[in-house]
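Two complexes, one shared chain (chain A), two partners (chain B, chain C).
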Partner chain A sequence: MTGRPDFRVEIYQNEYLSSGARQVNAILTVTAEGPGPAQPEAAQAAAVVLIVDCSTSMNYPREKIRAAIQATSVAIDTLRDGTEFAVIAGTNQVRLAFPTDGTMAIADAAGRAAAKRAVFNLDADGGTAIGSWLLAANRLLVTRTGIRHAILLTDGRNQHEEPAALASAVAACQGRFVCDCRGVGTDWNVDELRGIASALLGSVDIVADPIGLEADFRAMTAAAMGKSVADVALRLWTPQGATVRFVKQVAPTVVDLTDRRIATGPQNSDYPTGSWGAESRDYHVCVEVNPGQTGDVMLAARASLVFSDADGQPEVLAQGLVKAVWTDDEALSTRISAEVAHYTGQAELAQVIQEGMAARRDGDLDRATSRLGRALALARQTGNTETEGLLAKVVEIDDPMTGTVRLKSKVSTADAMTLDTRSTKTSRVRKG
Partner chain B sequence: MATCPSGHTSTSNDFCDVCGRLINGATAQEPPPEAEPETCPSCGEPRAGRFCEGCSYDFVSGVGGAPAGWVVVVSADRAYYERMLSQGAPDDGPIPFPDRLAERSLALSGQQIRIGRRSSRAIEQPGIDLAGPPEDHGVSHRHAVLLAQPDGGWAVQDLGSTNGTTINGGANPIDADAPVPLGDGDRIHVGAWTTITLRAQR
Partner chain C sequence: MTQATCRSCGAEIGPTDRFCEVCGLRQPTEDDRTERDLGPAAAGVTDRGKRHPRNEDAFALRIVDGRAVVAVVCDGVSTSDRPDQAARLACAAALDTLVEALGADTDPGTATGTAIGAASKAVIALADPAVVVERAPACTYVSAVATEDTVVVGWLGDSRAAWLAADATSSSAWLTTDDSWALEMVTSGQLGYAEAEADPRAHALTGWLGADAGEQESTARLVTVRPTGPGVLLLCSDGLWNYRSGPDELAGMIMPDAPQDPLLAAKTLVQFALDSGGQDNITAAVIPFPPLLSLVRKETS
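And then the complex of A and B:
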């Protein structure tokens, strides 16, 4: 197939271990280049389901449902010609807003116009049962191959469904399609949407003011249309006796993939990465190997990007080697790779923000202060100015280097939720 | 087919596909880099890893690199104030911490910018004037100077001020005769409560 981007894997690690040591850390930078939007015909076929929350609360204020209708129309306009699409109106029941017969429409002039008419008449009346919405999207997408994408917009908590129902729906959709999630307003639950987005390998963000929805939907749809290959997995071959401690995507956001392992051979395991356009992502891989003797050279992991067609043989797109070399030279073995150190800090940053914000909600102010203070110091040290700016809206900063902070007494709900939602966003550039 | 040092039969001939050991005859290291080492498009430093050692340019994503310009942010710094206070107040009682001071920032340009308090007698007034209001009385009229560096960065030099200049929360004042190069995020402390933070503009 000609339309696939070229993949490249670069490995950043300190391969030297002192004798007896077993843990090997490496950062894998995976870069996919072309084909860009210039040759969309070369990409895989795409199918997109837009899921719009139509619960009663979308009427309060009325601007919310209006903005959702407008944003959905813009998303429909942004679809590439020929894309299959559908719109689901979500309440405590599922309504197929367009097409209404359980098929998908084709994005052309007639299809777009008919869809926008249907969307214009959306009513907000009912409850919130996100799991049933996802299952409806899955029913539409299950027969499709190629890029399969959903965009989920909600303004509330999953009130009309048991948490277990949502969890099992998410599990059923895993690996079936990618889902970007957006929470509008401040009455939705960050953990709930983050859980869906990370399980379905999509992005999550807050749109506190409905005014921002239109631009966000245009950008999100354009990004989905920029994907040209789906179902790419990170495959790790490890030597006999080795264990994979963890696999995390660490840029552009932190997503722990460790538990998503699918064994594909006695020494091979696959970790799903979703669909790719022209983009670059970083992964942190930690492998424990049998310790070697001084002078031994071992392959700790062969990391490859693998594309699996619906029926075809898995195909290796690119690979990189993670090595272990045992040495007596402490100057070599004690060096820490700058890339590994940077992303270890970024992963901790995401974690301490989430812990701090949870403690803050639970009223454990001492723990909230210490966690958010640690977060501020990490953000400063690793040059993550975006996260530092979000933290500054929630805490008063006494000393950013040591992370001495005080919780602000008045914080807007939108600022608190924005910090929590964007906690997983990492910075790529290390400070000197 | 190859045989590894542990005796496994391996289909790949670089590393054993059972135990991962290097197979004899295969090269342990990547082929040596081409004779011309890659240099940073932003600052010209030879590439030593993913991020440039000189300016933190990211070779993979192509972001970062030499800043487009520099600004300083002047603020009243409570932590620095309390550090100074703990070292003993002046004889005529402690200088109070100002109850209000909006942070202000200033783009750096030219060859040098003086830090000090303006004075009616001086001919040349400081570019970063700390006479307020609120006034930081701990700052000398001619306190320190920011000096443009040949590499596009900035350094600070104390001009023999009465109370000295410290950097990044340090305890010891910098020498009066030697410029100290600064980077993004470095903090200069002068007077009783003033912190001047250098920021790169990208």
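And then the complex of A and C:
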């Protein structure tokens, strides 16, 4: 296949450790370049399932179901010619809205027209059982190779299904396809959608006003069409006796991949990263090694991006070396890696926002104030102006440097949910 | 291809990687130790030592046929970026400049000044403008030009030159004074020697080559000596002199054979530093005096 992007890995770390130290931190910047949208024929085949919530609440107000129909139509128009696609209408039951026979259609003039007719007739009538929707998408995508993508729209909580059913459905879909999740309105559960998106390596966002759905679906579908290689994993080789403390994607959003580890050899683990277009992501890797002697240089991790075909041998796309060097020179071992420090701050920022908003919902106002205050200070220090702007809608700022804040008494639900949903969005470190 | 085994865990090392595939430790490379032998004209040894992960010292030797024997030693500043490259580039630039200038009948003092300027430019050019200037690649410098009757030494930083007399009754001496915090305190009368040496800042450099020092040609320090008897000229990095500050003691380790066998002398001095702990990279370059001004072909018939 010639259309795969060129991958490159850059490592940012302070490799110097003081005597006896064992923890090695590094930021991996993975960049994929080309093929651009100019040569879509070079990309892997793509299959997309659009999942539209058709529960009764989508009728209240009516604008919601109308906007969902319009946005889904726009998504269908945005599909690249030749893409396989299907539309699922989600209630407490699953309805295959298009095609209705359990196959997938091809995006061409006739296919798009037929699909849009079917979508136009969608009714909102029933409950919400997201796990069953995901399993239906998986049944459609399971035989497909290449880019496998779902877009999930919901307006409510997963009321008509046990949490365990959703969890097991998500687990069954993990690694099978990527799923972007959107919550419309303010009656859905942020943790629920974030959990699905994070497990299925997709994005999550709020569309508080149904008016915004169309533009959002167009952008989301275009981004999915920009992917040109699926099933890429971050492979870490580590020395015997070493432990991977954590692996996190830290840009553009924070996603903890530590528990997604798949052992692929005695000293090799793979962490799935989903599908890639022309883009760049940062990862924070923390490895604990057996300390060496002063003067020793150790390979703490060999980080590779590997592509695995359905049945082929895994292929290494790019590689970087994470090192540990033990020294007596404190000027070296006490150096702070700007990149590691930045993303440590960004990961903490996401965490304290989520903790603060949870405390706020639970009525623990002291804890909410201290967590959100810490969040504000971190956002300011690390230059994450977008998140700082969202925080400012929830707290009154007395001193941004120390994080002295008061909870606002009147906060719209949409603003609170937006802050929570976008808490994992990070600012990129300024390098060099 | 033969497979080596790891010096630490004994596992087999793949032929393509410098790291052990089991324990991850980097294996020794040829850069860890370099020996150069110009027969009885000059010799030098540089060694990584025992405690530093790589060798950031560099040295160069050359006979300028019929005119002089030259040597250059540079020690990369370990807290700067790419100090090993800085030292190697500075040595190469200085050697080329010295050989060219001396070949064109430039006097050794002027040639040394020009060489320091060239070394300085080479290290400055290595600096990445995107990185903070305090971390710009940097190294020390010491060179010697030995002609029929004089020796010209130029330096910046704390790499040193010494005259080591062959005859135990003649005295040996350092020819350089360090550009270091301690020495500045002592020479300016602010602190006594013991007091200054005990300060944590004692060995902080006050002179070096690098973008954060500016071009150094004008401030280069030079000394010219005319030895009255036989001996050797020693150029060394602080990895050696840190273990023994007295030139007489260094001479005691390598005399009386050093003028005939400079390679053995350099090896002996480096081994002494390794045996003393090898805390830093170690370099010793030895030029017998009076110098042998023509290349002796050792291995060819």
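Definition applied: the second predicted complex is superposed on the first by the 428 of 432 C-alpha atoms of A that agree within 3 Å, B and C clash if a C-alpha of one lies under 4 Å from a C-alpha of the other, contacts with A are read in each partner's own complex, and residues count from 1 in each chain.
Assume a contact is a pair of C-beta atoms (placed from the backbone, for glycine too) under 8 Å apart; a residue touches a chain by one contact, two chains touch by 3 or more.
Keep in mind that this is a model prediction, so the values were computed, not measured.
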| item | value |
| --- | --- |
| Overlay on chain A: chain C relative to chain B, clash or fit | clash |
| Which superposed partner A:Ala242 touches (first chain B, second chain C, both, neither) | both |
| Superposed model, chain A: greater residue contact from chain B or chain C | B |
| Partner chain in contact with A:Arg428 - chain B first, chain C second, else both or neither | first |
| Chain B versus chain C as contact partner of A:Val289, first or second or both or neither | both |
| Which superposed partner A:Arg380 touches (first chain B, second chain C, both, neither) | first |
| First (chain B), second (chain C), both or neither touched by A:Val325 | both |
| Contacts of A:Thr404 with chain B and chain C, given as first, second, both or neither | first |
| Touched partner set for A:Met298, first chain B, second chain C, both or neither | both |
| First, second, both or neither for A:Gly212, with chain B first and chain C second | neither |
| First, second, both or neither for A:Pro272, with chain B first and chain C second | neither |
| Clash with chain C, by chain B stretch, listed 45-53, 63-71, 117-125 or 153-161 | 45-53 |
| Touching both chain B and chain C, residues of chain A | 238-242, 267, 289, 296-300, 325, 432 |
| Touch list for chain C against partner chain A, complex | 8-9, 19-26, 48-54, 78-79, 128, 130-131, 279 |
| Chain A residues within the chain C interface of the complex | 238-242, 267, 289-290, 292, 294-300, 325-329, 331-332, 432 |
| Contact set on chain B toward chain A in their complex | 14-22, 28, 49-51, 53-58, 60-61, 63-64, 78-79, 168-169, 183-185 |
| Complex interface listing, chain A residues touching chain B | 10, 12, 29, 31, 237-242, 267, 280, 289, 296-300, 302, 321, 323, 325, 338-339, 380, 383, 398-399, 401, 404, 428-432 |
